[in-house]
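In this document, chain identifiers A, B, C and D correspond to the written order of the chains, with residue numbering beginning at 1 in each.
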Amino acid sequence: MSAMIEVRGLSVVFDGFRAIDGIDLTVEQGELRFLIGPNGAGKTTLIDVITGLTRPTTGEVVFDGRSLVGLREHQIVRLGVGRTFQTSVVFEELTVLENLDLAASFRQPLWSLARRRRGVSDAVAGALEITELGPLADRPAGVLSHGQRQWLEIGMLLTQGPKLLLLDEPVAGMSKDERERTGELMTSVARDHTVIVIEHDMEFLRRYASQVTVLHEGRVLIEGSVDQIRDDPRVQEVYLGRKPSDAVGKQS
Amino acid sequence: MEAFLNQLPIGLSIGAVLLLIALGLTFTFGQMGVINMAHGEFIMAGAYTAYLLQDLTGRMAVIVALPVAFLVAGLMGLILERTAIRHFYGRPLDTLLLTWGVSLVLQQLARDLFGAPNVQVQAPTWLQGGIGPLPYNRLFIFALALATVVGIWAYMNRTGQGRRMQAVMQNRQLAAVSGINTGQVDQRTFFIGSGLAGVAGVALTLIGPVGPALGTYYIVDAFLVVVAGGLGQLRGAVIAAAGLGLLNSYAEFWSDASLAKVIVFAAIVAFLQFRPQGLFVLRSRALT
Amino acid sequence: MRNSVWRSGVAIAALATALTACGGEAPASESASVAGGAGDTIKVGILHSLSGTMAISEVTVRDAELLAIEEINASGGVLGKKLTPVVEDGASDWPTFAEKATKLIRQDKVATTFGGWTSASRKAMLPVFERSKALLWYPVQYEGLESSPYIFYTGATTNQQIIPGLDYLKEQGKKKIFLVGSDYVFPRTANKIIKAYAAANGMEILGEEYTPLGHTEYSTLTNKVVQAKPDAVFNTLNGDSNVAFFKQLNSAGVTAQEMPVLSVSVAEEEVKGIGVDNIAGHPVAWNYYQTTETPANEKFVAAFKAKYGADKVTSDPMEAGYNAVYLWAAAAKKAGTVEVEAVRKAAGGIAVERPEGLVTIDGENQHMYKTARIGVIQPDGLIKEVWNSGEPIKPDPYLKGYPWASGLSNG
Amino acid sequence: MNLARLKGPGVFAAVAVLALVVAPLLLEPFRLGLLAKYLCFAIVALGIGLAWGQGGMLALGQGVFFGLGGYAMAMHLKLVDAQGDLPDFMVWSGVEQLPALWKPFANPVFALAMVVIGPMLIATVLGLLVFRQRVRGAYFAILTQALAAAFVILLVGQQGLTGGTNGLTNFFDLFGQDLAADSTQRGLYFAVAIATGLLYLGARQLVNSRFGRLLVAVRDGEDRVRFLGYDPARVKTVTFAISAGMAGLAGALFVPVVGIISPALLGVVPSLELVVAVAVGGRFALAGAILGAVVMGYAKTSFSEQFADGWLYLQGALFILVMTLAPKGILGLAASARDALARRRTARSGDPEPPPADAPGRRVMEEVA
């Protein structure tokens, strides 16, 4: 096994506030890694840095042997890093199919996009199937429920054949059924992709996580299996006084 | 050499004019994202207020008109906000077209009310003369701009209303859930922003024409100050206005007035390469 | 899909409405040049900016022209027929002038048109009138170097305004001149003439500055002028810029005594907006003032005030527009028809006593013999004449009679 | 469904017949010329519809590109008329030698190429500069507006080169045809009408293609598009350049049709007027842009013929009403009227209510600066 992504000595300072304060993190190829931590721990900022949305103050991010620091967002995507957002953003005026097709076409040269779409590519068909959005393919994405939107986003990522997927709180605000389906979707995706998931939901964590990294105040608090994490006194201290339901996270 | 040195205070005084016409915009644009093309016509309303007051107050009209024009233009702004603009939040580009329509109507209205030719506003006699290259009326505008900036700063930082205004500017949703009545704050901001246009209009009667087209002469410059200074940023607007004033003054000194305008535009595009959000930015983590 | 169907349907409907509206008018007959005289009235076109930036000036000219038409109709009309004005708006937009001119000629079939103010509007209309062989009477002083066979120029050309203005400055002993103008054709051409005149007459040009139309920030320019210390300024600024320029010059402490500013685009109408305080004492150059003492002017001013209000003033372009109607009527009477070619032929040599004095049409270049007058702005806002050329000056749009001006027009 | 599929092209064909057969038969030459002028503006509007309606870029300076195309054409026509001498305006502006900038425009191929290439080049440079820095929304609108203002000042200031405020006018000859002749004007009308139709079809194709979907995606979520691996700056720049090219072409057609190009046509106000025309017609549909330009052009002509003073009130009131009550323009109004009608009809016949065709209803949303 080789490292899919390596974060070394990473710091991010916003107007004097240290959002990330020296993080080192290595995720191996094929791994499904969970990132947890209380609000303000730096989870989303970490993903923002990896995907180019935020520039690090110091430190290095190496993906598949290449440094990502200084690259623009779309260049990082083209290297094979895909992400979803806490508040899912799909293109509401486009149909589900068009959303997926747009995601799938990203490696085509711009001029070739001037042709009309004909038929459905294998990647798109595959994504429709795995997300079970087939019956809604021709509906505008604007009519989708919150859960369906998240699945569509994941589907869009899958059509792009990324090497690394970053999912930012994929089950936040979902119903129990939706959470279950998302979990299954995630597990099946993780079979042939490297995946990093930010999640607050302890129940979800227990069911689907193996390797977990806990962040706190911009630093790595501990890394280990779910059981190790749950039993660690430092983690309990960080979450002290918080019932698990409190930690379900922000409603989007 | 003397001419060259004279350009320094001249540039700053041009900056003071720019600041006066742009101040109101930084807030309506900065807080509410409203591109108010009728801002120029609020300036015009201020100028005509001074013209009308002349009958009562004679040469003191310019002084008396300052608070009156603030109220007149502010009320016009408030009416505009209440009747139309409040339905447009989140659609800044639509407000641009809407307010342009408003500005056309106001211009024609002024033409019908006051006639197409320019009217005259007499300056107080004690504003005649000057020091060095700066006439007293320029110094007056300079002082007025300074007083306005201090006033706004104090309002924003020393009053509860002002702090609420800042809160809405920085994060509208958070402010709303924290119990701030954002609609009320918006009205107040629009009132103040438009009122400042009225004040600028009074000041402009000292140096420029007073006619139905008055607003159109200043509106593009005002927007450029806002763009260069950053949205809703008092210090940004001050620095941008001073910078553009000086640039204008020296560019015109070395070339001519036409070329100076082109140079200023090129400089702003170049500047945005380094600071795409203007001089000062409110940071936000939101993905737009 | 259904959506686009519907959209196109709407488009069809709209286009169809537009077409029927367009087509509603009577179909064209090709004999445009004689049609104006058909029936017992004669249609004449009046084409000025009634909206936009130029409306301020042009509306007053329209008023003067309408007054003239009214007076002519009251005294029996032209060739026994009443004149019916067809008024169009040029909207301060040159292509609109061309469009409306086409409309007046082709659709309304007017016998002649009175219109325009800016050189740009005249240049835009020129091809329309030349190609339709229709007549335009242009009532404003301009930069010369033009003589279209289908345009009559009732305002001054350069040798009836700019050059007398320079003669006056020279007589006053002003040797160092600073040139200030708006950035367009008239000021640039005028300043070329001024520079040539200065070179030939021992005058020195200390500076030449242009500002965009509508410019209102004159502190830098004022600084340049003050630093150069000229004896006089020759001002060819146009419109609202004059207001800003005179206000800012005055507040910089420049007085008419030590540095007179001679303006060629500031008339009675503009003085009000600039503020008498700011401009009193400065000279202007025209061919007519409201105060000009002729019997015809007394009548004109009285009639104008009676029709439009006692607070109204009359100015040079208004008088030139007023004259244009009378001069055309005289030419039509002499020709016995309103047919364009006949009127053109008859026009040469027609001499009429007008408010500005005797005006004679030069048949060769279709300009007028006019008397040049320098005036000084009075504290009451009117202009008092301080100098005149004594007799009407022969128009010379290409300045062929001035040796120093050779080369200005490239032959 | 098959029938419905034929309706779209059918309607297009009907409009084409109306424009190419009925209008030339019915209208006298002067009115036909006016229609040609409106169609020139419609081409610019089409470009605005593409950039703004589809791409969310409110370009307030399209007059600049219209001008670049127009001047390229006008320079060529002037040089042809001058037959080796200096163009007339240079003579009275005191220019003694043909400026180097003018020389290549004597070549018709170069001039025609510059009509489109010039505007596209400028738009590309400006687009790359501002879009890469993520200048957008209101900032972009203000910058393009300032560009229009600066461009006009530049044109006016270079009188010897551009004819100053007068612009360029008095053309005689268009590729060997007498421009004053009615037959030439009629031919020009056909050229403009056909160009409008072809550009409409091309723009429609683009909108319906993947690129068009991408453009809508950029409009609604520029940052999200970045994370799909596209560079929104490129998408926007390409679209902006296409709309600039359209404006340039429109300017070039305008010159022989109207017979003049001048800075008055390119400034802030005419550029804004076109944007408003697009809004009035319906910015989210390309047909709306064309419809808006023709309707507003026609309204301007006929209203200013009737009552000049009222036109500004009417124009202003129209914008206010359209923006507040019908942000989707005439087409949007028509669509909702039809929906309401269809609902009433089905309600009477007892059929279940059909879903509105425009579901989920285009939200009027745009990016915030």
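As a working rule, contacts are C-beta pairs under 8 Å (C-beta built on N, C-alpha and C of every residue); 3 or more make two chains touch, one makes a residue touch a chain.
Here is each chain with its UniProt name: A = Urea ABC transporter ATP-binding protein; B, D = Urea ABC transporter membrane protein; C = Urea-binding protein.
Everything numeric here is computed off the predicted structure, so don't read it as measured data.
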item	value
Label of the chain whose CA centroid is most distant from the centroid of chain C	A
Which of A-D and C-D has more C-beta contact pairs	C-D
Distance between the centres, which are taken as Cα means, of chain D and chain C, whole angstrom	34
Gap in Å, rounded to a whole number, between the CA centres of chain D and chain A	43
Distance between chain centroids, defined by C-alpha means - chain A, chain C (Å)	72
Centroid distance [mean C-alpha coordinates] between chain D and chain B, Å	32
Contacts with 2+ other chains: residues of chain D	153, 156-157, 223-224, 309, 312
Shared interface positions of chain B, touching two or more other chains	111, 256, 258, 261, 287
Touching two or more other chains - residues of chain A	85, 89
Complex interface listing, chain A residues touching chain D	51, 72-74, 77-78, 82-83, 85, 89-94, 98, 101-103, 105-108, 110, 113-117, 140, 142-143, 156, 160
Parts of chain D lying in touch with chain A, wherever the complex brings them together	205-206, 208-211, 213-214, 216-217, 220-221, 223-224, 226-232, 234-235, 238, 359-360, 362-363
Sites on chain B touched by chain C in the complex	2-3, 6-7, 10, 13-14, 17, 111, 116-123, 127-130, 133, 135-138, 206-211, 213, 216-218, 248-249, 252-253, 256-258, 261
Residue ranges of chain D touching chain B (in the complex, touch as defined)	52, 58, 126, 129-130, 133-135, 137-139, 141-143, 145-147, 149-150, 153-154, 156-157, 222-224, 268, 272, 275-276, 279, 309, 312-313, 315-320, 323-324, 327, 364-369
Residue ranges of chain C in contact with chain D within the complex	1-12, 14-16, 18-23, 25, 27-28, 50-51, 88-89, 91-96, 98-99, 102-103, 106-107, 118-120, 123-124, 126-128, 131, 143, 145-146, 183-185, 188-189, 192, 210, 212-213, 408-410
